[in-house]
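Here is the structure we will look at.
Chain lettering (A, B and C) follows the sequence in which the chains are written, and residue indices restart at 1 in each chain.
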Amino acid sequence: MPTVWIPPLMQKLTEGKGQIEVSGTTMRRVIEELEASYPGMRARLVNEEEDKVRTDIAVAVDGEISREGLRRKVGEASEIHFLPAMSGGRGRLSTKE
Amino acid sequence: MATSKGQILDFGDAKYKVIGTRPIRHDGADKVTGRAIYGGDTRLPGMLYAQVLRSPHAHARIKSIDTSKAEQLEGVRAVVTGKDLPPTTSNEMIDLGEGAQSLKFLRDNVLATDKTLYRGHVVAGVAATSLHIAEEALGLIEVDYEVLKPVIHALDAMKEDAPLLHDFQTTQEFGEDTGKKSNIAMHSIHKLGDIEKGFAAADVVAEYEVNTATVHQGYIEPHNATATWQMDGKLTIWTSTQGSFVVQKQTAAVLNIPVSDVKVVPQEIGGGFGGKIPVYLDPVAAMLSRKTSHPVKMVMTRADCFEGTGPTPGSYVRVKMGASRDGKITAGDSYIAFESGAYPGGLVGAAAMCIFACYDVPNGVIDFYDVVVNKPRSFAYRAPGSTHVAFAIEKVMDDLALQLGLDPIEFRLRNIATEGTRRVDGVVYPRIGAKETLEAIRDSDHNKTPLKGANRGRGVALGYWFNVGLQSSVTAGVNVNGTVHLVEGSTDIGGSRTSIAMQFAEVLGLAAEDVTPTVADTSGIGYTDVTGGSRVTFATGMAAHDAAQDVKRQMLERAVMIWECEASAAEFVDGQYRHKSDSSKSLSFKDIAAKMEETGGPIVGRATVNPAAGVGGSFAANVVDVEVDPETGKVDILRFTVAQDAGKAIHPSYVEGQMQGGSAQGVGWALNEEYFYSEDGVMANSTFLDYRIPTALDLPMIETIIIEVPNPGHPFGVRGVGEANIAPPPAAIASAIHNAVGVTLCDLPMRPDRVLAAIQERGQENQQLAAG
Amino acid sequence: MSKTHVQCVLNGENTEFLCESRESLLETLRENLGFTGSKEGCNDGNCGACSVIMDGVLVDSCLVLAVEVEGKEITTVEGLASPQGLHPLQQKFLEHAGLQCGICTPGFLVASKALLDKNPNPSEHEIRHWLAGNLCRCTGYDKIVRAVSDAAEQIK
């Protein structure tokens, strides 16, 4: 089963666990599985409105940053990491947002 | 004088005909005769000249702008301010390839509306019949500012009572909004293993904290944009850019028009180093063109480049590491705070990937912060973040080595990252060349030559950059005379179009001169990501390779037609198309090209790439000898050697050039370059006189050793080399200064006055020790 | 603003133009006469990208007023090659890869020509000293210095 490495700042959602094995053949499935066991994970990783990985998060599968987001296939022995993307803020310039 | 060829250490076993040679670049004649057209050379009939007005304050609120007097000046044709930006409600993030940027912040940076957040922030633009008149008009624009208290340095901006740049910015912690209003835009942590156990197991520990000043990419060509926005809504932009398609994307987004209405024609570009990826002038030129119905040309002044573009972040970095007596690192704890400038930037994430990247650190913490300050919004400068962190960690490594009684290179080699090493941010390395690169420095002629003389010292350092892949498109049309015109979209900052043509030529057994590369505009080639991230020779080269395979396949089909034989009977061997069982049937590329029309028509090859895997990072190492003048604190570079893992050097002269150029920038960063801030938070040295980049007199010859540990992810083994070479120089020079005069400098730049102060302080300490 | 009529010799050709008194030679060359080979990097005499030779003297054309060139001979990068081919300096810059982005190259070529006109056999130090008024951000100067030295050999 693929292994997801949980970023330290998200470990309070996973009862402190740093590595979790989840089944899934795509990132979408993997994140669904994570959410099922540890609610709140998905909101931290996915932009629901656009149905894609948040722009301030980069997904690395087997050591390579993937641009395919939720569609990225993952293998049986894949290692998945989440890293902060080089991204310039979420653009809140006023209270209206 | 010795030849221009540096040393190459090839760890691969492939043999090539074109790759590895040094042909004259295809655009060479144009560049040495002054015929090449750069963005600032653009001239169109009826063209107007425009310039922008910039806020003189580090932090201010705009109460009102009165442009009426400027509009009345004879020769002025149009004025725009932030209120002229087309309305948009979009909150999208724009992907620049090298990171994403918020549209709202991008627009705000192009033309301020409510607040100006740094000295140099644009508040208005004027188009006139001459640049002189436009400049006069700027002086007639009346802006009423409410000056606010600025905050300039990261640590100050992080304090509880610091003035806030953005009233509604709250700290984001890995996808979670903490709700805390702060100049800290983003905070994150990487952890591996258990650093408490790691430090407990350490026999020696060392800790250093460093501060690095804001520095600029220093490209000699200022930013420019010429725009024509026609009656039918079509906008054409001529510009010097690292990415035509991202200019298209950003400009369309800022102006709220479809990308299909925007055509970007890249001109030759006079340096970028990461700084010419965001748009600054293009939307303003477009808006002025729309108002005037004329083409409008804008070129930044040198002061504008310093004060109004995207320098690298200033930073604070703290590193503590422990090692056991057998010379193995047991733990590493680090803290990184990066100034992102006026808007959040995220470059600190890259620094976090690099800080422990050269070594095997089994237990590590990287605690990192992206902090807004009243400076221009920072952007990528050649391996952004890696230089800052190398400057910190390499000191710690030297200190640990000293405590352990180990040679500094030997200590590094004992802990060097190799295939299978897991980085603190979690990534596991594939085949890399860190060890070979450092060994090359250890075994270099330079390192083996003893250094003699007073106040002289030698230093060594290692640095890393991860490189990127991203998207590239290539098409190749076969000419009737057996040559090829190759079309690609990667703007050429340093000779890359030739390296791409060489990779194409290699596949088909052609000569480099027979493949003519062209960099097309956005309507002439498929989407291609920026020239940056050390990606062009890698990714666009890969696309060229694939396009050549496509051409080869079509050539074989034509051979089959010519011989009227079975498809399986034809093969490609050594540049020739041969019949497998009839050795009299053999055709060259030229032969088939001549018969294109009668065998089915034009032959055009195509390929696109977006490599998800196999990018391959690059390591660079330096050994440098310095001499310190103990009376002035001036540091002279006596000898400088750089080794870098290139995977495979397609055109060695240009690989050497990248290594030498990055090294020179590193020397400037180490010894002299900085944004010098006055008390009111504005840059006091925004000219090439006072922001002093190295001249020919400041550098010796730069010896190069190209390491070729082939990257398994590229058909020819290429690893991007553009960037990693800027990471080690400040660290290596700091180490050399330490070995020369016994002082450890923890602030960049290591200016003469700082070196002198450190020497004098050490002298006083020595006196006290001797006395006591 | 009324304009001044100026006559000079530019790259060997008799040339005349009208200019405002506030225009620099660099501006006139680029915007008025269409000789965009000389480049603007700083407009205050610190980068050398605008280098031209005026009556045998190497100058930054951004620091020369256009009206000052009355009766003078100017050589820009566009005047280095001949119908027979590239100047040896141009050829050596290409062979040694003494350029990457190329924006500083016109200035370096003109400055190097001025050097070799004065000192046909310069040492490495002399080359570096003379060219310290031309900034390059891409190459680190190594290959530029070698190209100039090699061109000097060739010209001899």
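We take it that contacts are C-beta pairs under 8 Å (C-beta built on N, C-alpha and C of every residue); 3 or more make two chains touch, one makes a residue touch a chain.
Everything numeric in this text was worked out from a predicted model, so none of it was measured.
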item	value
Touch-based graph of the chains, sorted into line, ring, star, complete or other	line
Taking each chain's C-alpha mean as its centre, the one farthest from subunit C	A
CA centroid of subunit B to CA centroid of subunit C, Å	29
Separation of mean Cα positions, subunit C and subunit A [Å, integer]	56
Residues of subunit B that touch subunit A when the two form their complex	91, 93, 95, 98-105, 108, 114, 166, 168-170, 172-176, 185-191, 340, 343-347, 349-350, 352-353, 377, 425-430, 468, 470, 610, 612-615
Residue ranges of subunit A touching subunit B (in the complex, touch as defined)	5, 7-10, 18, 43-45, 54-58, 60, 62-68, 72, 79, 81-95, 97
Subunit B partner contacts - residues on subunit C that touch it in the complex	20, 22-23, 30-31, 34-44, 46-47, 49, 76-78, 80-81, 86, 90, 93-97, 99-106, 109, 124, 127-129, 131-147, 149-150
Touching residues on subunit B, where the partner in the complex is subunit C	1-4, 22, 24-25, 27-29, 31-38, 40-41, 43, 132, 217-222, 268-273, 299, 301-302, 493-495, 653-654, 656-658, 660-661, 663-665, 687-689, 693-697, 699, 701-702
